[in-house]
Amino acid sequence: MSLAETQQTAARHIPDRLTTPLARTFKSWESLLLLVAIGIFILNSFASPYFLNAWNLSDATFNFTEKAMIAFAMALLIIAGEIDLSVASIIALSSTAMGVVMQAGFGTPAIVATGLVTGLLCGAFNGVLVTRLGLPSIVVTIGTMSLFRGISYIVLGDGAFRGYPSEFAWFGQGYVVWVITVELTIFAILAVIYAVVLHKTNFGRAVYAIGNNATAATFSGIRVERVKFILFLLTGLMAGLASVCLTSRLGSTRPSIASGMELEVVTMVVLGGVSILGGSGSIPGVVIAAFVMGLVTFGLGLLNVPGIVMSIVVGALLIGVIALPRIYQNLRRS
Amino acid sequence: EDMRIALVVKALGIGFFEAAAKGAEEAASELGDVEIIYTGPTDTTAEGQIEVINSLIAQNVDAIAVSANDTDALVPTLKKAMQRGITVISWDSGVAEEGRQMHLNPSSNPLIGNMIIKLAADELPEGGQVAVLSATTTSTNQNIWIDEMNKVMSNYPGVEVVATVYGDDLADKSYREATGLMQSYPDLDAIIAPTSVGIVAAAQAVVDAGKVGQVNVTGLGLPSEMAGAIESGASKSFAIWNPIDLGYSATMIAYHLSKGDAVAEPGASIPMGRMGEVTLDETNSGAMADPFVYDASNIADFKDIF
Amino acid sequence: MGHAQTPAAPVLALDGITKTFPGVKALDGVTLELYAGQVTALIGENGAGKSTVVKTLTGIYQPDGGRILMDGEEVRFPTAQDASAAGVTAIHQETVLFDELSVAENIFLGHAPKGRFGLIDRKAMHKDAQAILDGIGAEIDAGVRLKDLGIASRHLVAIARALSVEARVVIMDEPTAALSRKEIEELYELVDALKAQGKAILFISHKFDEIFRIADRYTVFRDGQFIGAGEMADIAEAELVKMMVGRSVDQIFPKRAAEIGEDVLLVAGYSHPTEFEDIHFTLRRGEILGFYGLVGAGRSEFMQSLIGVTRPSKGAIRLNGKVRVIRSPADAIAAGIVYVPEDRGKQGAILDMPIFQNVTLPSLPRLSKNGFTRMAEEFALARQYTERLDLRAASLDTTVGSLSGGNQQKVVIAKWLATQPTVIILDEPTKGIDIGSKAAVHDFMSELASEGLSVIMVSSEIPEILGMSDRVIVMREGRMVAELEGEDLTPETLVRHAAGISSKGEAA
Amino acid sequence: MTLLKSREAILVGAILLLLALVASRFPGFVTPSNLVAVFTDTAPLIILALGQMVVILTRSIDLSVAANLALTGMVCALINVSFPGVPVPVLVALALGLGALMGAINGFLVWKLTIPPIVVTLGTMTIFRGVIFLLTNGSWVNSHQMSAAFKAFPRENILGLPVLGWIAVIVTLILGLVMSRTTLGRAFFAVGGNPHAAVYTGINVGRTQFLAFVISGMLAGLTGYLWVARYAVAYVDIAGGFELDVVAACVIGGVSIAGGIATVGGAVLGALFLGIIKNALPVIDVSPFWQLAISGAAIIIAVTFNSRAGRSKGRVILKSAEHAQ
């Protein structure tokens, strides 16, 4: 009798899971982050008498909704092992394109479509450079970051586009019901869509597989380049959408619009527990991170703390939230 | 309960605005029942100002007086502020009419436009080449002043504006642009920088290029920051209105509008304490005072003040 | 064969060394003694712990227990530099070299000759490196960048690196695996020379002819445990094998007779500009077709091209009579041809993802509905195949990275079988897995063939090739050099074709 | 070998072409005195690019260099204001030390807590800038507050080149020596090229990365003082966004973002390429609004070229193919 056969008689059942879903949830990054969010919420309501007010909270959501729209797509991109630093510049270029269309006399639908399509095209440009030419995305998008905004400067110079139609204002200034803004609604819908796509579809599984091991993913029949290209498209599209919202909220276009936003988006994604090295992360994490960042900036804003101090807090949060569990582990080991 | 007036500036940390804040505090202590919230973003962006203004709206302040980074982008937010019953005025750098109740120009725009070219032309009796070093391409007030300046160029025959460049109110970029100007135009006689950051950088660039005496730097600057340039001779003279007075006046106007003892409408006069009163034109804007010229003869008296 | 007297005291000795990795006891209280002027062969199956001993001796791993003694004194090697300072140097199994550095720098990295101001003396380094290379008969310029060298030259550089240290103990972990006959002969002479200089040598190899050619003593490990040691002169090959494997060899390959049916896969004229040329064969239903060759013969490259990872410049495939164009692994999987790659960690498994997701990854298109994953079906499929392969794991949602090598390999095989293929290509399916798992894999391959699956097995192990294949194709330097079947299928013919030696025994 | 050499040759060619192009529109640009000025203006970028090169070489990235520069610069300025008597050499030493300390913080987090470098430096970037704000409450230190000696140092002209330019030359030489002729320098290559194998040669990967960050920080600190002294102003936002220019210079210079490949010459040339574009565009009357797009396009084109040159060929197994190669 062969050894193998002896083993086969001993074949045993392997359970699906050892832990219950509830236990997993409790131990996850997301719950740690949720605790932080709740803590900040409570602190805020003690620190400022103006905090617990529906209209004020509604206003506060503008601090993160546009960034979060991009952060969802960026999360997928980073999970797949790439990055797009040009998103803020895509916003500028999309906004400029919308301005051009608006000046040509087109109405709101055409303006919005232009914003979205411009975003898509920018994403496609990044995607081609990364997937077809095989260039590292961080480098490509440092380049397109200057290029896209640069085109915007070429078109606009020191001018501005203003005079968007009044219906256009709906995206960035409108309310769906009561204090629920249009942007917040878009954010919520996108959160659900992205959560489903990432966590419940083959596409999402492919994203994880690519980020963990692109070679093995290729061998497993995943069309890696195609998936990455789609992710760049999505990120461009989301930047286009954010551009629609931001332009609508500001009611005008300048080439300097949204400058520096790319790093805030990346910060939001990383704070949300997405590994910058690719391969892991979740949409609920990003949603909570969006709220954390929104709450921190709004709460400190109510105390009239300068923006730069807020960014210290966010920077420290970023390192701290990642470092603390590791320090704890190190201490426990020794 | 004190009245809370928020003084929103383009960016924190700029000497000009720090001085304006001093003026606002002066007005507050004169009025007695006023609390000043001095705030602004840390870099000169419209988005940053919007976040700041949103939090001011949330705090339900009584008045917002803003020096805007962008004429248009702040309008929706400021409109919302007005809808919630907050008095909104702009000062120094204005916002579009629908976004504020009135705008306080530090001085009349045509006067400033004329002043900056006159300072340069006075040193060039034979005529010559001048170039403009502005702040960002989107700075409202700089753009208006340069426009006004171009309108009166015919009064200065022989003086030619050869280029306009942008230093983005960043010291290094302004410096590099100034250096580039001197290279592109070897015969350049003057650099006009209608911005307090640009003028200091340009003066430094002139000193470093060894062109003191050949290229005169002028424009709008703060005596405290320009003292060195006057001393080295890189700048013969420059102008500014008193930012302390500006902050003071803006606070006074906001106070009276908010109290309701003055209204912002074309032709109206609004009291500004020790600065007298401002009369509004058809766009609801008014000028505070004439710019004041500083040179070697008077700089010592002012450099420790602002 | 050297009949040196066993000197009284060993230069280097391991005493009860233990080393545990998550889930694996790689070394379990082993002893090992190395004597000056003698070659000790360390023998054991894949995964027996040989390389782990090497790494422990060279400061890369720290043992969990036990002592390392040099001249009877206990020593510790916290880093690789400490070991080399103490006179222990090694040629590691993996080439631990740097593409972007020059050959000389690779040889002297970490202990380069210093000139003025403590700066590296590049002239001296270059000269010394060239001298060492010349000394081992390597025709390599010390000035070229490593990335411009082929695999055999790289091994020679690794050997030169080991010799650049003033050493008393030289360790060689499978140094001849990638070398040509001529280079191997030169290496043997080198070993003899080192021996004559009185160095203690630890030689690891799976090739018995080699061991009997150069070793004075042997030590056998099995599953991380010390089994025995002694003089080469006192032992016969069969006995050594038995010590190594723990039972007689013929039990390992439980090949069942399968009914060989019609032609399934027809490959014609497959060529690549630099990797392989004119590969052609037919594969029949129920057949196990072996691909044998020396390391680097181009077998893996061909197989990967076949499934569309790299595109062939020419060539045609017919599957069940239909012409197939395969441009990507996705196409191959859809067509029913799957490839179980050689490099488990890089190409096979996604180590940080759970077992069930690994297993279902290539099958997701079939398993899902409108592109949505269905967790329940995934678990069911994963269970079906992992249990069939007798996977040992705590649960299906633990990550593959936490499994032992053999169990990882089972997950990888399960992953490809779950796609229900027509043709399965297994590239070194038992590389680096333990005896038990190896037997399970072989048994399973047999079972698959008897169920009518067509199997291609790439292997560099002659017993495996002989034991499992119905037919064998031998490759050398990117070309098919022989197709062997039946009586022609002997170890001698295999080696002869693979190494390019004519029947008279001369190099072709 | 020929490959890397040729990459630098391409870059030199591109720079010469660029200069010729600029000269055709504005001959004054290529006069020796102007070239010296351009080189001096590019010096900070060169120094920072060299530091960044070391970091990228070890498979890391340092996004905090500009913030480090700003903070060190501010501290130097504040010291100068409060104690005008502190001599410049002491300030330079202090700048080096403070910069190195900040680099060490980054390096420590990367080494001991194994947090990815991009996350660490994204965080410290905002923190360092924030600290400047906390130190100064946002106010500026202006030219007239600084002592003459403080401002004069980088401008001091020696043999026709300002000290700032000389420092870039010296840093280049030192780093050239360190990278090619010291154990540490070779360790940087080893760690980036094959971290796994580096362990086998007794190199501590984390510690090597730590040292790379220290070097990068040290150079950023040095540049901080030079920057503040040269532009005679210090405030929170100086050199804002400069970190991306620095990374771009490295990438143009052929430093592989994946680690393991870099040359000192490449980094310097990459910085010069960017510096020349930045200096030339204003003088050849390119509208200021075109400048950003042009530098962006230049980066993309340079990177595309680099990757073409550096693309690895597949394995050669066939004997016949060997000769064809």
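The chains carry the letters A, B, C and D, assigned in the order they are written, with residues numbered from 1 in each.
To be clear about the criterion, a residue touches a chain if its C-beta (ideal position, glycine included) is under 8 Å from a C-beta of that chain, and two chains touch if they have at least 3 such contacts.
Small disclaimer: the values here were computed from a predicted structure and weren't measured.
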item	value
Of all other chains, the one whose Cα centre sits farthest from chain B	C
Of A-D and A-B, pair with higher C-beta contact tally	A-D
Distance between the centres, which are taken as Cα means, of chain C and chain B, whole angstrom	74
Chain A and chain B: spacing of chain centres that average the CA atoms, whole Å	38
Centre-of-Cα separation between chain D and chain A, whole angstrom	30
Intercentroid distance (Cα basis), chain D paired with chain C, Å	43
Per-residue multi-chain contacts in chain D, two or more chains	133, 138, 236, 289
Residues of chain A engaged with two or more neighbouring chains	153, 157-158, 255, 260, 306, 308
For chain B, residues contacting two or more additional chains	12, 42-43, 137, 166
Complete list of chain pairs which touch one another	A-B, A-C, A-D, B-D, C-D
Chain A residues touching chain D - in the complex, by the definition given at the top	85, 129, 133-136, 138-140, 142-151, 153-154, 156-158, 255, 260, 263, 266-267, 270, 275-277, 306, 308-309, 311-312, 314-316, 318-319, 322-323, 326-327, 330
Chain C - residues contacting chain D, complex	58-60, 79-84, 92, 94-102, 105, 109-110, 112, 118-120, 122, 143-145, 147-148, 150, 273-277, 296-298, 301, 310, 477-479
Sites on chain D touched by chain B in the complex	26, 28-29, 34, 37, 41, 133, 136-140, 142-144, 155, 227, 230-233, 235-240, 278-279, 282-285, 288-289
Chain A residues within the chain B interface of the complex	48, 50-51, 53, 55-56, 59-60, 62-63, 153, 157-158, 160, 162, 169, 172-173, 246, 249-252, 254-261, 297-298, 301-302, 304, 306-308
Chain D partner contacts - residues on chain B that touch it in the complex	12-15, 18, 42-43, 137, 163, 165-166, 170-172, 175-177, 179-181, 183-184, 186, 200-201, 203-204, 208, 224-229, 231, 303
